[in-house]
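Pasting the structures here.
Shared chain: chain A. Partners: chain B in the first complex, chain C in the second.
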Partner chain A sequence: MNLRRAQYELAGRLVGPLVLALESWQRRLARRPRSSRPGPFGPPLQATRKLKELMSLHYYQGRFAQGAVPVAWVTSGFPVEILRPLGFHAFYPENHAAICGVQRLVPPLSDAAEAEGYSRDLCSYARTDLGSLLAHRTPVGRIPRPDLLACCTNICQTVLYWYRALASHLKVPLVLVDAPYVYRSARPHLVSYVKEQLEELVQVAEGISGRRVEPEALVEVTARAKEGTRLWGECLAQGRHRPAPWTGIDGFFHMAPIVSLRGTESCNAYYRLLRDELVDRVRQGIGGLVEERHRLLWDNLPIWFWVRELSALLAGRGFNFVCTSYTNAWAEAGARIDPADPIGSAAQAYTHILLNQDLANRLAILGRLSRDYAVEGAVLHSDRSCKPYSVGQIDLKERLARELGIRVLLLEADHSDPRAFSAEQGESRLTAFMESFG
Partner chain B sequence: MCLLPLRPRVIRLIRMPARPVDAGRRTCSARALSPAVTRKDYILRQREEHGRRALAVLPVHYPKELLTAFGVLAVELWGPPGPPRGEGAGRLQTYVCALARNALAFLASGGAAPVGGVLFPHTCDTIQGLATLVSDLGEFDKPVLTFLHPKGPPRASAHTFLLAELRSLAEELAEFTGRALEPERVREALRLHQDIDTHRALLLDARRRLPLSDRELYEVLRRGEWLWPEDHLAELRAVSASLHAEPVQKGVPLLVTGYVPEPADLLEALGRAGAYLVADDYAAVGRRLVRSEEWFDSEADPFRLLARRYFLAPPCPTRSADPGERMRHLTGLFERSGARGVLVHLLKFCEPELFDLPWLRSTFAARGVPLLFIEGELEASLSAREVTRIEAFVEMLS
Partner chain C sequence: MKALAIGVDVGSTTFKAVVLDGAGHVIAYRVEPADPRIEPQVDRLLDELQSVAPGAPIGATGYGRKRVRSGRPLTEITCHARGAFAHVREGGVLLDMGGQDTKVIRFGMDGRVEDFAMNDKCAAGTGRFLEVILARLGVPLANVLYETLSAGKAVSISSTCTVFAESEVVSLIASGEPVAGIVRGLHQALASRVASLFHSGRHPGGRVLMSGGVALNAAMVAALEERLGRTMEVLPQPQLVGAIGAALTVLPSAAGDIPEQGCGPP
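And now, the complex of A and B:
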């Protein structure tokens, strides 16, 4: 084992946990006593602390990944299961961009990308990551330089252009898995095409890592990925209870492991912990809100820079997003994964990602979620940065209202660029929407 | 029900005074070939006289040869320009590209009445979404066909997928027309479209010797978006016959790259400012020309020929062309044409094109080539601000 590899392993197993424990202890010491005034939220989830540790450790270990293990930057919908048996450290630019969004770092990072010639009309995730690369600025300490860029077009075509720009700046190979869009049902040649590309990916990834994919290891990782999505689905399903034991906004944060650590035991262990806590809260009647008066559905990505304000605004009036189509997408994907056929089933599963299917499918999913979670209304985030998610929402709004008899609001915003959002207007629209419930 | 084009278009080749061409130029003999006819009338006449069903087609790339082989008239829908009208006007957010907004409004307001269905090539996320929006939620009662491009490098899996997708489209067209595919008709269509491309390439490459204004030339070229290929070829031949032996164009030659030459008065503004387009890389025009005939093999399966020809088209971001390859293509085009500046004319919110913008800027900046970037939303006419920018740009190059 070389020195870098030893550093990487130590960072993940010993130093990282110690540093995080120390930081946690310091935070507890510095924390001011909480106000005794009761707020609209229920008691915080205990698992959140574990979530922070898990994700911080992932990023911390990533600082030592370069030169120690092969590093891949991957899109959220990429079949990462194929890379894990080869020892790749997976870094998710979308997840990183979301962190930048929460920390309101997008405007300066986007400025750096715009100065390079990238239009402000491009996806704000792409601008954020390109800006971060160009400005050498990140909130996560140090990002490991990739040996491989791996992108799958099942979430959008934007990632193809974005990753190609990254490949050009970083001078590293890019593997593209082109997942053709599914109208009604995936015709056999679509799935064969994706499968063929996954087989090509194996060869490229083996070449970069200098290792062979052991079939048993691939089966194990695939089984873990399937189990992870199932566990995540179980966590989300607790929201069907009244009161829901958490909020949809909590769900946006707790989805990080299923995106970034899918196929690992740490991901599954975390979701077992979270599920058990949620089940326990349901048993005790503890809600995400102290008083849950109205249940809502959220469609599209969150408004990362405004989630706390949004959460407080709604919670103050007893409104809870008990389900979201975005977090649910990660639970649905696992059903098609089959450890007995890792590559073939990955081709099926990753072709059938929510955003890679037609609007009839989306309408059916929104309808099913609305019924299963007994929602009275829905907020469709019309996301300037995400065309595949937003095209069709005006018709979806009308159809949901007509077919399900629920109130639906279209909220114009952006998933991470606050310059494309008017908080006052958003607040006014949401307030009026909530008033309509009486 | 409205007519297919919102502005009834009169087909006259020579409509604008040609400038800045020599006064004593040869007259274009194509004028006599083109009686005034609207697009809708033409579609109806094709149906009545030749039994050809029409299919509206969204941009950009699709196997037109296959449609021709089935006797289907392709009528391309590039907007149309101007503000979206009708009941479908507000069904897409304002941050979605104007082409999709206008096309949806147009289809929803009965604009597609004269055609039998719509074909949506998988050009981008928005047009892909538009296909499902129209067919699944739009209460559109005509057949909706789709054509998926392989994205990424031209690897073996992409070839296999393209072949399967071409066969799948052929099945849909067989159902649409009620006719079986005849392989020989595909070969004939391939040769016909190669002939068309050769003539279109000739007009663009010999631009300096062509006694037409940009507006006139682009009217001829863009009529290929809806004329039956043989009619289009006849016009191209007639216009080609008007080529002079010596250059007749005066003014600043420019290379243009972009999506579609709309609004058309952009071309007039260029002419008035003292410039003309000497090299074309519009997605609607130059990027669809196959110049090579390497694809042809009289023995090969027609679908293989279609696939071969597909991969010989110039690099286009909507087909996820490698930017490095595209820049080499553009710099080659720039140098061969003798252009003195570059006009980048894009549609706002068009991600495939916008992601290449930094490459375009840096590639031409490195060569000291002036570049003007104009972004539009398929307006009915060019704004005074853009006219001023064009004038200043051309003045700088004069």
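And now, the complex of A and C:
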């Protein structure tokens, strides 16, 4: 084991946990006592502290990944299971951009990208990622330089150009998995086409890592990924109870491990912990809100820079997003994963990602979620940055309202750029929507 | 009728306030250009209205609703629907065209909002658009109907962005196009923009009502009727509909919820 590798392992197993424990202890000392005034939210989830530790450790260890282990930058819908047996450290630019979004760092990072000629009309995740790279700025300390860029077009076409731009800046190999759009269900030849690309990916990734994919290891990671998505699905399913034991906004934050650590034991251990807590809250009748009066569905990515305000606005009137199509997408994907056929089933699963499916399928999914979670209304976030998710929402709105008899609001915003959002107008529309419930 | 209620609509361009009696009739009202310093204007006008209706509850709506002291804040959407429903007492679609907002609100037989759509991020398709361009053309609002009726044919205006339309209009005048034709073209461009908003929801039948300051512009009403192929019913005192709705939501009498005779100008 070389020195860098030893540093990386130590960072993940010993130094990282110690540093984070120290930071957490300092924060607790500095924290002002909480107001005893009762708010609209139920007691906070205990698992949240563990979530912060888990994700902080992931990013902390990432600082030492370069030169220690092969590093891949991957899109959220990429079959990362294939890379894990080769020891890759997976960095997710989208998750990093979401962190920047929550911390309201997107405008300066986007400015850096725009100064290089990237259009403001590009996805704000892409601008954040490129801006972070160009301006050498990140809230996570240090981002490991990639040895491989791994991109799958199942979430959008923007990633194709975004990752090509990254490859051009970073001069590293790019593996592109082209996942054809699914109408109803993917025909066998389309799945074969994706499978062949994944087999090529194995060869490229083996070349970069200098190792061979051990079939047993691949089966093991695939089984863990399937288990992880199943556990995540169990966590989400607790929202079917009345009151839902957490809020949809909580779900947006707790989805980080299933995106970034899918296929690892730490991911699964975390979701067992979270599920147990949620099940316990259901048993005790503890809700995400003190008084859950109305149940809603949220469609599309969150408005990262406004989630807390949104959450407070709705909670103040007893509204809860008990289900969100975005967080559910990671639970749905797991059903097709089969450890007995890791590559073939990955081709199936990753071709059928929510955003790669036609409007009829999306409508069916939203309809099913609306019924399963017994929602009375839906907010469809028309996300300026995410066209594939937002296209067709006017039709979805009309069909959901007509076929399910629920109230539906189309809310224009952006997932991470506050410059493309008017808080006053957003608040006004949401308030009017809530007033219409009487 | 003893029970009284005050409704205040602090809009982006105009301040509107009404006093309703227990049957929902307007017994006093004020309409003024909105001052960006909201509180002093609100306080002054409330003092005036409270001298008519001392101790009456206050319903507040519009952008400045949270700045109305002791007012119950409600969004413009709810209040406009409430005000329109009080007049027609059946379901319908309300098109409210104000200074910076255009809203399409569908309400049910019980007066509750069923669906709504508003212009987002851009004031194209609102009263402000007309105001800016007509000022540029030097056409007073009072002459607009005459200008549009006297136009031989409409001059096509391709831009509905207020800023771009202004420069487009300047170049049309420079190229010798008649002002009357440009004015008519402007109304058609605006009607087209509003129609797009209207059609973003499904409003297959029923009455189509209109409120807001733009409803006072008969040329705009005609352009909308032509574009939508529907009869537009302009509500009485269209600028006051939001304020009336705000007052109705706080009217103390239980029966006052829906006035028997409808409500209109004093």
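In this section, the second predicted complex is superposed on the first by the 438 of 438 C-alpha atoms of A that agree within 3 Å, B and C clash if a C-alpha of one lies under 4 Å from a C-alpha of the other, contacts with A are read in each partner's own complex, and residues count from 1 in each chain.
Here, a residue touches a chain if its C-beta (ideal position, glycine included) is under 8 Å from a C-beta of that chain, and two chains touch if they have at least 3 such contacts.
Bear in mind that the values here come from a model prediction, so they are computed numbers and not experimental data.
A.B. asks: Who does A:I394 touch here: chain B (first), chain C (second), both, or neither?
C.D. replies: both
A.B. asks: For A:G87, decide between first (touching chain B), second (touching chain C), both and neither.
C.D. replies: Neither partner.
A.B. asks: In the superposed arrangement, does chain B or chain C reach more residues of chain A?
C.D. replies: With both complexes superposed on chain A, more residues of chain A are touched by B.
A.B. asks: Just to be sure I read the superposition right, which of the two partners does A:S422 touch: chain B = first, chain C = second, or both, or neither?
C.D. replies: Touch status of A:S422: second partner only.
A.B. asks: For A:E412 in the superposed arrangement: first (chain B), second (chain C), both or neither?
C.D. replies: The answer is both, since A:E412 touches chain B and chain C.
A.B. asks: With the two complexes superposed on chain A, say which partner A:P339 touches: chain B (first), chain C (second), both, or neither.
C.D. replies: The answer is neither, since A:P339 touches no partner chain.
A.B. asks: First (chain B), second (chain C), both or neither: which does A:G367 touch?
C.D. replies: Neither partner.
A.B. asks: Which holds for A:P107: it touches chain B only (first), chain C only (second), both, or neither?
C.D. replies: A:P107 sits against neither chain B nor chain C.
A.B. asks: Need the overlap of the two footprints on chain A, from chain B and from chain C, as residue ranges.
C.D. replies: Residues common to the chain A contacts of chain C and of chain B are 394, 412, listed in rising order.
A.B. asks: For chain C, which residues count as touching chain A in their complex?
C.D. replies: So the residues of chain C in touch with chain A come to 63, 74-78, 112-118, 120-121, 200-202.
A.B. asks: Quick one: in the complex, what on chain A touches chain C?
C.D. replies: Its residues touching chain C are 394, 398, 401-402, 407-408, 410, 412, 420, 422, 424-425, 428-429, 431-432, 435-436, 438.
A.B. asks: In their shared complex, at which residues does chain A touch chain B?
C.D. replies: Per the touch definition, chain A meets chain B at residues 116-119, 121-123, 153, 156-158, 160-162, 164-165, 168, 176, 178, 180-181, 183, 187, 189-190, 192-193, 196-197, 200, 358-360, 363, 382, 384, 387-388, 390-396, 399, 412.
A.B. asks: Tell me, which parts of chain B touch chain A in their complex?
C.D. replies: Where chain B meets chain A, its residues are 90-93, 95-96, 100, 122, 124-126, 128-133, 135-138, 146, 148, 150-153, 155-158, 160-161, 164-165, 168, 317, 320, 322-324, 348-349, 351-352, 354-355, 357-359, 361-362.
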